[in-house]
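In what follows, chain A forms one complex with chain B and a second complex with chain C.
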Partner chain A sequence: MSTAWLIARDELRMMVRNRLAMIGMGLLLLLTLTAVVSAWAHQRGIAELRARHAQAAEAAFDAQPDRHPHRMVHYGTFIFRPLGPLAAFDPGVDAFTGNSMFLEGHRQNTANFGDVRQSSLLIRFGQLTPAFVLQVIAPLLLIFLGYGVLARETEQGTLRVLMLQGARRWQVVGGKLLALGLVALIAGAPAMIGLVAMARQPGALTLPMLAIAAGYAAYLALWTILIVVVSGFVRRGRDALLALTALWTVSTILLPRAAADLASAAVPLANRLQSDVAIARDLRAMGDSHNPDDPHFAAFKQSVLDRHGVSRVEDLPLNYKGIVAIEGERMTSSLFNRYAAASHAAQARQNAYVDRIGLLSPAIALRSLSMAAAGTDLEGHRRFLDQAEAYRYALVQRLNAMQAQAVRFADDTATDADADRRKRVSASHWQAAPDFRFVAPDGATLAGAALPGLAVVLGWLVLALAALGLVTRRLGARR
Partner chain B sequence: MILLAHELRLLLRQRLSVMALALLATLSAASLILGMSEVQRQRDAIAAIPAAQAEDIAAVADYVDRTKDAGSAAYYSFHPTWDAPSALAFAALGMRDVSPYILRVRALGLEAQIYDGDTFNPELALPGRFDFAFVLVFLAPLFVIALFHDLVSGEREAGRQRTLDALPRGGRSLWRRRSALRLSLLWAALALPFMLAAAWEQVAVGAILAVLAVAMAYLLFWAGVAALVSRLRCSSVTNAAVLASAWLLLVLIVPTLANVAINAALPIDQGAEIALAHREEVNRAWDIPREDTMRRFYARHPEWSPSAPLGPEFHYKWYLAFHQNGDESVAGRVRAYRAGLEARDAAARATGWILPSVGVQALLMRLAQTDLAAQLRYQDRIRSFHRRLRTFYYGYLFTDRPFDRTDFDRAPRFGGDIS
Partner chain C sequence: MPTTDPILISDLTLGYGTHTVLDGLSLAVPAGSITALLGGNGAGKSTTLSALLGFARARTGTITVCGIDPAADPDEARRLIAYLPENVALYDHLSAFENADYLLALSGERPKRGTIEDALSAAGLQDRAWHRRLGGFSKGMRQKVAIAVALLRQVPVLLLDEPTSGLDPRATADFNALLAEVRARGTAVLMVTHDLLSAADIADRIAFLEAGRVEHEVAASGEERFDVRKLHARFQLGAGRLAA
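This part shows the complex of A and B:
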């Protein structure tokens, strides 16, 4: 058996004899198991609840009686953001964004009822998910188990004995690395098994799963190497423990929060009141459908009349009110899209800011990798919002077109007692309207979005390996 | 006193201790500056409301003035409400980053408006804020651990413990002296920057004292844990590892477990169900006789029943009446939803009695008025303002009084007070 193997076996035997270490390891495995089970149950519960709500909302829409189409524009529809299978591993921002949205004409409503506003303050302490366990807790456990791997030998003078017996430096370091790496493997395995189990759900994708697995493997390998490096660099075990704990605190606890605060201070976001007022202002500048003398709508009316070769709206083959509704919706919707894009661009700038700080903290990089691959990052929410707006626009315009074609202008403007009945169109139209179906991104897109984060973690891994080389060369030299 | 000064000299000679104290003071100052700038941003946003609002309402007034229809005024006017940060909000931003502190409402159905959120970046909200509460709850214990883990064991390992025990005023009194010194220095590193910030923000003296006392109690708790662990007479390094594990459990792991447990034990009738039920109730009005709607409305609000009967054409008083009927039809669900939120919050607070980390966080959020109770109070103020809005517009609609440009100035204004 090679020397490195022997050293690794010895180190592992030491760890097994350490009762505290074993308890810690056992607790970590238990915690991971709890996290996998509870996060999975949570994800399935949410997915089922949202599916049920979505079905109820669709059924209610289809069951509406004969109505004026514009009534349906305001009856609107509720849609719910579905939760992908990998959200059980890393729910990302799911709890922090509203997951239901009311879609209606002329208005763009917010996504409401996020978990964060329905849970107690405890949710701000973090959520128990496999991702949280691996990102935050596993590294600290590795530190507790591994801070002494080399420092202890140096401190007690056994390193010299080892080397006198003919062990090479790289064999000593390699053996320790092997032992701690094995521990990391055991620590990460349950979460990875959970990931594989989750991936067997329908709709789970292979590429993002591989990205997640690669990211977390690299992350744990990085910590393993860092621990060995620090342990080999300092003289005393205690110094190694304090330095590593400080490193862990800064990179996984402090920087993510500080980065978020700095980003929100650096890139301001327009609040809803300001953008709503701005949208109303732009809309007035474009044209005011309420104003009979408005130049835009006067020109629009003339163009419609010219197109059909008539001189009065009453003579149009279509209901002019429906045509105006289509034009009005086109105008408001273009503004909604412009302001939503501006807000999203600002949020993307904030995230880019955080990612730059993420160069300093592999935990931030891993978090964005993990959320991106699971489709639970801001971009994933944005995909939902974009599809929701596209669906809203198509549905409202479908109803407006129905008003233009199926409701006569004379009926639409009448106010006699029977007019209400004549304005209504058949309920069968509501069933014919398509339901909202969220189109999940393909695996390549998700995995591609995870690449920048993966690159940062791998970059750190390379740096750590270089440091390991330096420490190995100097091991035991300067005492 | 001389002994303390001597101890201080000894302590300041250790590079680790000095670095730890300086770092804690820096982090505390940084968190306060970030918190204060966030609160300032929120204040600026609230201060910018009147200008934006004046522009918006002027345009609505231009339009409504042509018809003098109070219904159109009610339908198109958005009225701003806001929840100004308390003087202490900078220290514990709490839920203010995910719950709106500005919300505009119309005199229509409130249940379709009151749960709306504001724009925020969820990826920034996910890790939580870097505020003073975070520095105190999460980071300060680590500094206690750094300074206390080798208090006794360090001397033992250096072979000085027996000598120190044998000294006059050595032994227990020495450890007490050293502990008190370390604790006061740590507390000062947190408290001095905080007091400066609190003075700048003109926080009431009582609140400042409360925060300082909470901080001291929390540090004492961790020093107590450290003292308990040192009784095991392990090496410094084992002490450090055990204490860090205790921190991991008390600050990170148990709160997340408690969150899972509370959410499972206290299921909440989802807010989305209120929204769905409300929409059904409101839109149903278009398909039932309008007199039914009015009858139901007048039964609850007889003060408006002398109003003229509806004609064949559309009238906004009917429209607003069915919106109010809609609100009233989900009142039971709204109460249940709120009770659910309060039950979860109460459970989390109860956890705070066992988990000091949670307790301190909850206490700071309560003092800073950034917790759920404060959010609900803001919702109550919105509800009472909305009642005034309704009464105001109904006064025109149910008596068919024309609504002209000057009437816009008579509309109720959100005063932040409960009326």
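This part shows the complex of A and C:
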């Protein structure tokens, strides 16, 4: 048996004989298992619920009777963001961003009903998910189990005993690293097994799963090395505990929260009220299709008449009201898209700001990696919003085109008793309209999005290894 | 064929910062012999052991353990040395037996269970304490465990720093008997001590360390071995000089 393994075995033996350490380890394993099971059940429940609601909304839309197409534009439909299997591991911003949208004409609605709005305030302090346990709780347990690996030996004089038995510095450090690494492996195993189980579900992708596994393995390895480095750098166990607890508090608790606050302060986002007022003002300035004196719509009307070589809208081969609805939707959508793009750009700048701060905290980098690979980051949410808007626009314009083509202008403007019947089109039209299907990105895209975070964690790992080399060289030196 | 003494120190000067601790120390401990190094507080006894263990680097002079410079290759030198410190540091979470087994395994030796138990017994540790964790052990009991470990190391050099400081007179006598066995198997033993009587009882040579160098060295001779009265006077003189 090698010297390093003998030292590792003794360290593990000491942990096993330490009742507090065993209770802590047991609690972590229990917590992780609970997180895996509850997060998985929660994710499956949500996925089923959303699928059921989506089906119900589609059925309700399809079940609408023969109607005027514009009434269907306002009837609208609900769509729901489906959750990928890896969302059970890291639900990311899903609980905060909302997951359902009401799609209708003339407006872009925001996603509604994030879990955070339906849950207690405690959810804001972090959900019990495998990702949260590994990012926040596991490093803390490793600190409590490992702060003394070298400091205790120095403090009690046994480090010199080890070296006098012929153990070399790197063997002592290697043994301690091996022992704490095994503890980290045990701590991370339930979550990783859960991840593999999640990744075996239909729709799960291998590359993102591998990116997540690599990221968390690197993160736990980083903490293992940092703990050994600090423990070898100081001479007393309590100093090591104090330094490591401070490091944990700053890097996993303070910096992630401070980063979000700093990003919000550096790149302020317009609030809902400000956006609504600004959009309403711009809509007013854009023109009024019902006002015959409106310069834009007067010019539009003339261009339509010229294109068809007629002088009155009544003579057009298409229903002019439908054509105006198409133009109006084009204009309002373009305005909404501009505001949405500005908001997304601001959020992207905020994210870039947080990512820069993430260079100082591996926890931020890991969180970003984990959410990106699980497809539950802000980019994933934006993907949903973009696809939802593309679907909404296509659906509304399809209905507007239906009005232009299937409803005669004369009937559309008629007010007689039978006019309402003549304005209706067959329900088969909306039954034929395609349903919303969220297209999830492929595995390479998700894994690629996780690479910057992974690079930061690996960069930290390299720095920690360099520090470990320095600590190993001066281990046991008289100070 | 010329042989080198396992412990060989020649004109060694060593210090920390501006303070010189060893100043021209020369000492040789042949194989199969016990040398006691006596001296007052601050004479440089423990520093001499630190230098032999490779924890302190010489300014001038040479120091070798079986031909190896401990400062240049401390790991290799330590493989040849068994060391019993004054303040024994062992693992409280392990039993006496486990401590011995673990530390010997680290040094590459895997004695049988019975051999370890025999050594613990020979060191004076009662059998009911062999498998108890060290948490509740007295200083003397810990000392006995450390003695067992040091004696079980099959190495050519044994360094002892105040080895009998935690032992009662009977245990001291038992310890000296063990040292005689170690000497008989050819080990070079250097024992730093204040215990003049114990040194006179077991050592082959006694060196008096004063102000960082060996000022006086006597060898055992005849039945009486040492004149303890003279040794005591010598010791008092050395300590007095240092105090002055």
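List of remarks:
As a convention for this text, the second predicted complex is superposed on the first by the 470 of 479 C-alpha atoms of A that agree within 3 Å, B and C clash if a C-alpha of one lies under 4 Å from a C-alpha of the other, contacts with A are read in each partner's own complex, and residues count from 1 in each chain.
Just so we're on the same page, a residue touches a chain if its C-beta (ideal position, glycine included) is under 8 Å from a C-beta of that chain, and two chains touch if they have at least 3 such contacts.
Because the structure is predicted, anything quoted here is derived from the model rather than measured.
Of the two partner chains placed around the shared chain by superposition, neither chain B nor chain C is touched by A:Met22.
Within the superposed three-chain model, A:Gln274 lies in touch with chain B and out of touch with chain C [touch as defined at top]. In the superposed model, A:Arg160 lies in contact with chain C only, and not with chain B.
In the superposed model, A:Ala63 lies in contact with neither chain B nor chain C. Comparing chain C and chain B on the residues of chain A they touch gives the larger count to B. No residue of chain A is contacted both by chain B in one complex and by chain C in the other. Listing the residues of chain B that touch chain A in their complex gives 16, 27, 30, 34, 37-38, 41, 45, 48-49, 52-53, 55-56, 59, 63, 78, 80, 94-95, 98-100, 102, 104, 112, 115-130, 134, 138-139, 142, 146, 150, 236-238, 240-242, 244-245, 248, 251-253, 255-260, 262-263, 268, 270-273, 275-276, 279-280, 283, 286-287, 312-314, 340-341, 344-345, 347-348, 351, 357-358, 361-362, 365, 371-372, 375.
Taken together, the chain A residues at the contact with chain C in this complex read 1, 3, 6-7, 10, 13-14, 17-18, 156-158, 160-168, 476, 478.
In the complex of the two chains, the chain A residues touching chain B come out as 20, 24, 31, 34, 38, 42, 49, 53, 56-57, 60, 64-65, 67, 71, 74-76, 78, 80, 92-93, 96-100, 102, 109-114, 116-128, 132, 136-137, 140, 144, 147-148, 237-238, 241-242, 245, 249, 253-254, 256-265, 268-277, 280-281, 284, 288, 290-291, 343, 347, 350-351, 354, 368, 371, 377-378, 381, 415-417, 419. By the touch criterion given at the top, residues 53, 55-56, 74-75, 78-79, 81, 83, 85, 87, 89-91, 93-94, 102-108 of chain C touch chain A in their complex.
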